[in-house]
Amino acid sequence: MALIRELAFQGAQMLVVLLLAPLLTGFVRKVKARLLRRQGPPLLQPYLDLIRLTRKDVVLANNASWLFRAIPYIVFAGTWVAVSLVPTFRSGLVFSWSADLIAIIALLGSARFFLALAGLDVGTSFGGIGSSREVMIASLAEPAMLMIVFTLALVAGSTQLSTMAAFMVSPEVGLRVSLGLALIALLMVAIAENARIPIDNPATHLELTMVHEAMVLEYSGRHLALIELSAALKLLLYISLVGCLFTPWGIAGPDASVQAIAAGAVLYLAKLAAGGFLLALFETAIAKMRVFRVPAFLGAALMLGLLATLLLFVSRSL
Amino acid sequence: MTFDALSGVLLIPALSAGLLAALPGYRLTARLNVLAAFLSFATAVSLFVVEPTSGPYLLVDDLNKVFIVLTTFVGFTTAVFSANYIGHEIEIGRLTPTYVRFYHAMYQVLMFAMNLALVANNIGLMWVAIELATLTTVLMVGIYRTHEALEAAWKYFILGSVGIALALFGTILIYMAAKPVIGEGVSAMVWTVLVMHAAKFDPALLNVAFVFLLLGYGTKVGLAPLHAWLPDAHAEGPTPISAVLSGLLLNVALYALLRFKMLLALNPAAIAPGPLMVTMGLISCVFAAFMLYKRRDIKRMFAYSSIEHMGIIVFAFGMGGPLANFAGLLHMTMHSLTKSAIFFAVGHIAQVKGTQKIADMGGLTVTHPVLGWGLVLGVVAIAGLPPLGIFMSEFLVVSSTFAREPWLVLILVFGILVGLGGMFLRLNGIVFGEPVGPSAKAEASYVPMFAHLAIVAMAGVYLPPALVTGFQNVARLLG
Amino acid sequence: MRGITFDVAHMLAGSLVLVSFMQLYQDRLYALLNIFALHALILAASVAWQAFIQDAPHLYLTAMIALVFKAIVIPVALHRIIVKLGIHREIETAVGVGPAMLLGMGLVALSMVVMLRVTAEADPLAREDLAFALSVVLLGLLMMVTRRNAVSQVIGFMSLENGLVLAATGAKGMPLVVEISVAFSVLIAFIVIGIFLFRIRERFDTVDLQALDRFRGERR
Amino acid sequence: MMVVYALYGVAALLALAPIAIVLGAAPRTQGPVLGVATSVVYGASLIVTLSLCIIALLSLFEYSQSPSLVTLPLGLPWIGAHFRIDALAAFFLVVVNLGGAAASLFALGYGRHEHSPLRVLPFYPAYLAAMNLVVMADDAFSFLVSWEFMSLTSWALVVARHQVRENLRAGYIYLLMASFGTLALLLSFGLLAGPDGHYAFDAMRASHPPAALAALVLLLVLVGAGSKAGVVPLHAWLPLAHPAAPSHVSALMSGVMTKVAVYGFVRIVFDLLGPPDWWWSMVVLGVGGITAVMGVLYALMEHDLKRLLAYHTVENIGIIFIGLGLALAFKAHGMPLAAALALTAGLFHVFNHSVFKSLLFFGAGSVLNATGTRDMEHLGGLIHRMPQTAFVFLVGCVAISALPPLNGFVSEWLTFQAILLSPQLPSWGLKFMVPAVGALLALSAALAAACFVKAFGVSFLGRARTPAAARATETDSNSLAAMYFLAALCLVAGILPGFIIDALAPVTKSLVGFSMPHQAGVEWLSIVPIAESRSSYNGLLVFVFVVLSGSIAAFAIHRLASDKLRRAPAWDCGYPDSSSATQYTASSFAQPIRRVYGTSVFHAREIGEMPPPGATAPARLKVELRDLIWIAAYAPVAAAIDYAAEKLNVLQFLTIRRYLSLVFTALVLLLLVLAIWP
């Protein structure tokens, strides 16, 4: 009985994130437009785009292989599973122990791995640019992310997201330099991972500046829809990750009352909104940097992460 | 005296030498040569069965039994090889029948001399025998009468004679040291007696004596820096002689050294012979290893490798101790077998290619697979790679002495490694790559080569207990 | 009596060393030959004296050999060779005479030091004798090393070997002395013949380098 | 008596070598006979290795508590040849023979393309036998004999294609490094055995050397076993030798032999050497971390497929050594549970790497056969020509890039878990070092993914860059079978890691006296290193999740929305170009990463030649990489030896008088020694 309830929660969570993701993207776009004094697309535009794309035929390059057609599903699945394991409004998801934070990072990693392959499959120069830059960025972003995970895991004594979140609300966290550093690093990584300004520009179609867009250049129709959706999911994932790690307040416990859960849900939406708003604000405030400045940016994130880990011992020896 | 195995190993070569000198026709003499060599080998083996009594002049104990059997065996296989080899030499007219007759006679004289040196119970007699062996080899090295051959022989002769002189002076000194204790006359030169009284000898005299003996016989062993004659003598003489030189004569000289080492070891007041030997061993090993790199003549290269291994052996004996001595004996045996096997292969290769220049041979494993792989196997063995015998001895030498003398052993290991590098650097060019030079069919007798290699291979993984106990006794003798 | 015998032996041996020194500073071949003849002569005398005092008749044979072979036959033969090869001019030395002499001094000193460590109960005669013999040997070797000329190197070798015979005869009752001296004479004969046969003109050196270069290609 | 049966198997393998020679060297053997020989040798070795594998599994599961010993009257006479299968040996036997069986199966097809089979067939089974013997040996002599025999046979296999100059050079360097390593091990055994030669391992176990000596032994072993395993900076031979051999042998060398080297390290350091010092682990960790990163960076710069794989072996060896180093650290500080975890991680990665590296080398071999080139710049589009090979190769790539749900991820995840335990270490040096090493590990993992995107993407995806690649054909069924088998293993080990962890329990128990909690009992078959609240992973569930959600998405979209599909020329922002030369090449793919890391690590320089305006010459871009390790460590040694040889060589050409003066000097010196002797 309890199991079924848990499964239901799990399913609900998965559906929620799936449904919320495009909204979040739309919200960010809207806010950006507003900050630029533009009207901007309607809030639900992403949904419409997705639907339209899925309706269209796929136009496939002549020499695209079976792998090219399989990849959108793989990427989507990987991202979706990853995000569905992040506690959003209720921690202690039934399957959360099937993958801890490291595994979630790795899942996103495999999604990226296949996306990069897709960039190379058709054999165009732009795809190549995209993939090669993507892996270069990833080669710095992933270690940085892992260092952040180290920091948090060492603080919380666990890599299990639910446990971490639970620990983060508990009083013995205290204010720590490491956590601050970790937060900054995490934000930097999140920006890079989601191909946002200043690393990459989700809206650009100026070839030489594209990274993510260049990889998926050859995709169309439902394939493109899936990839857009997984991109949105990824954004959601990172924001909720920041949410549940650094602002874990309100996340309902495993055996919480309905009200608590409702409150958690509301709070969660608020967090998403806040995150999206800040992101939009940041993006409008800053200019995109040259591709070969990116390593410096992410290297800084990596250093911050490492520093955070090392400072732990100084702040309080565990 | 009555004919026992002891006098057998001496008489058979001596008589057959005379006979071979008299008989014409190389086929016959070659066969006779093989036969004689085999007979003396058989008699030598019989030494293990019935141990003859040692007299004032001749002696048999565990130490020289090992040497005698090894010598006669390699002598026998080399005779088999040389029968085939000389035939080819006559066909291409490098040797005339007269010279061949002389060659065979000399071969047996050499055998006689070496056996005599081994069984001699009298240091004077031993000296005479070793010098006789040296002079015979001088003659055989020069047998081709080419300019280089003569020059090599001449170099060998001069350096050899100086060695002779030094060794004699050492012998005299030993006598002088022994005389006050033992009394005048022959008995003061008899091993068995000397060993008994060694403790009471005058240490200072013994020291000087050992220095001279070390240099005198060390010249024959080919220790650097006394080695100069060795590479040329190996390179310019007929290949069977190179095999015998590397495989046997060096051992015989080494045997003499060992005897005197034992003598010194028995006298507490005298200097320890170990350090001297260790030093010379290390010098020879490292020096020869480096010399391998620039070699262009295949036989000269393997001659240098002999120097290297003599260095290792002398090092082992110098370190002393049951394990190291055992290793030294084993290494010596394995080296004789392997090196002569290599020279068999090299002899055929040189005959096929019509040159000894390494640059003019290549891709042997393609054109002459048996010879080529035989050579590879030989080099693998000599480089001390398992599962062949030399690996075992090197294993024992290094592992048993590292705990005692780390730095010295590091030098030795360095030498071994460098030597291996030089060896394989050249080997690559000879056996692999595109074939170079004539690829005519080789009419070779592979039996001796592979017989030796088979023994070496077997010894690498299994030593018969009898041999082991024998070696262990000897090792204990050597202290 | 003991004293006299000892002194005579001592004197003879010492003079042998002296003559070795004389050899060292000869720079004419003929002169060198004559000095060597003298060397052999003294050796013969000392061997004979040893034969007398040890009353070992076989030593007289050794003395005989030394006298006939070394003091007469060989010098004559070498003289012939010199004439035949026309090399009776100055000996070029690898090391100058002066340094050679100094080296010689050093060697003699060395041999003394080494030998006098011998404890006294080894009978003094043998001890002194050995000291001298050793120095003769070393000087002979030094000669071989410092002279480029084949003939003088042979002479060096022979004086080295004289030292050996001196030692051997000094060793009281040592067997095989005669045989050894014979063997050595044969050896020397070989060398002399070798020089003559192979037309090794000025020096041993000539047979080396160019030959190596030309024939063996061992050298780049 | 498992060990006896195992020895029978080894004997059978050894017996195959002469059989191969006889079959092959029979007068005037042509294709068919050689074909027979090939099938016989590889078939037989397949059977034998499989049975050995079964034996090993049995002894791992049942007899692991009581090691089975046997002593043969071989080897050192007064010691004899000891052989012993304990848990550790059994595990490595499994690894060795699994790889061996796969390689033999692969070679059943691949071996037919061999140009000169006689240079491969005799040595192949001997090589397998040697590796088995190393793992079973229980005394220093038989260990080293087998160890060096392993090097020797593999050397013969490396120079099998001896007409190619580089292969000879590779073989030469390989043999030198191998002997160097063996001598180092020999010295370490010399220290362990002591001057009176207690060479049997149990004697060594009984007596522990004093601390200083033990440290020396550790360093010697690190050099000896490390040089075999390919630890930076002793790796130089590896990327030369592994690709030079025939591909199934490359697979064995990279996938299995390096593991045997790791075995040597574990056996001596964890088993024979006694209690470790805490700083040892710092050495091992440092070496491991540097090796991991350097290896993958080298691999990224490489565009020879097999050399790329070889360099990647270096990286994985680094990961393994990180695991071992952690285990040492925890063991030294008396934290057996953590030590067990770290050791398990390391050994798990040993298994994983042997599986997917063999798989990848097989794939490379098939590509080599189909196209005749190893250079990725001449490949491309193979996924169309050889789809099955492409698929299994892809699996291998995902596995080695440590991506869930395949096995590579599990071992690295365990390593991370072990790293996360490091704060409990008392010594500050380790406290600070381990996270840094963790960063290196993470970096190398990310770079590995990049590297294999490149490897797979450039050689299998895109369009064929050369006619050869365009004409490629799918490889034969035997090879495919072998590859599918390994790919399946990658998946199984990835989604059911619990079983392997449990299988490793006796090993860790025997080495660090403790083992990870029993995993089989955990619900849903997930793995829990320490405690569920702390961390857990369930490959199976992740796998099922991904498959389900993927297929749901597919189903939903195809059913509810359109499933139509049109083929058209590539879009490429409007100007698609027909020439396949315009694709991204391997080196251009690596360019961004080269910009980031290469300038410092390789002194990478890009030299652009821009012709003056009006000139018709093409513009060129040259990339210069310098292998600093080679320049710093190897070239000088070679130069020094050559110089010394040159100088000493003068001694060959002196005159007799000079030689005499050498003798004279020696004499005078010795006399002087006497004169000054007290």
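Think of it as A, B, C and D in the order they're written, each chain with its own count starting at 1.
Rule of thumb we're sticking to: a contact is a pair of C-beta atoms (placed from the backbone, for glycine too) under 8 Å apart; a residue touches a chain by one contact, two chains touch by 3 or more.
None of the values given here were measured: they were computed from a predicted structure.
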If I average the CA coordinates per chain, which chain comes out farthest from chain A?
C
Please tell me whether A-D or B-D has the greater number of C-beta pairs in contact.
A-D
Starting from the mean Cα coordinates of chain A and chain D, work out the distance between those two points in Å.
35
Please compute the C-alpha centroid of chain A, do the same for chain B, then give the distance between them in whole Å.
78
For chain B versus chain D, what separation do you get between their C-alpha means, in angstrom?
44
Inter-chain centre distance, chain C versus chain D - centres from mean C-alpha coordinates, in Å:
68
At which residue positions does chain D touch at least two other chains?
652, 654, 656, 660, 663, 667, 671, 674
Which residues belonging to chain C are in contact with no fewer than two other chains?
114, 117, 141, 144, 204, 207-208, 218
At least two other chains touched by the same residue of chain B: list those residues.
154-155, 158, 162, 204, 208
Those chain pairs meeting the touch criterion are A-D, B-C, B-D, C-D
Quick check: in the complex, which residue numbers of chain C touch chain B?
114-115, 117-119, 121-123, 126, 130, 133-134, 137, 141, 144, 157, 160-161, 163-164, 167-168, 171-176, 179-180, 183-184, 187, 190-191, 194, 198, 200, 204, 207-208, 211, 215-218
Interface with chain C, chain B side, in the complex: residues 124, 128, 131, 146-148, 150-151, 154-155, 157-158, 161-162, 164-165, 168-169, 172-173, 175-177, 179-180, 184-186, 188-189, 202, 204-205, 208, 235, 295-297, 300, 357
Touching residues (chain side chain D, partner chain B) in the complex:
25, 73-78, 81, 119, 140-141, 144-146, 148-149, 151-152, 159, 162-163, 165, 168, 171-172, 175-176, 179-180, 183, 186-187, 189-191, 193-197, 199, 641-642, 644-646, 648-649, 651-652, 654, 656, 659-660, 662-663, 665-667, 670-671, 673-674, 677
Given the complex with chain A, which residues does chain D contribute to the contact?
380-381, 383-384, 387, 390, 394, 398, 401-404, 409, 413, 416-417, 419-420, 423-424, 428, 431-432, 435-436, 438-439, 442-443, 445-447, 449-450, 452-454, 456-458, 461-463, 524, 526, 532-538, 541-542, 545-551, 553-554, 557, 560-573, 576-577, 580, 582-584, 588-593, 595-596
Give the list of chain C residues in touch with chain D in this complex.
94, 107, 110-111, 113-114, 117, 138, 141-142, 144-145, 147-148, 153, 203-205, 207-209, 212, 218-219
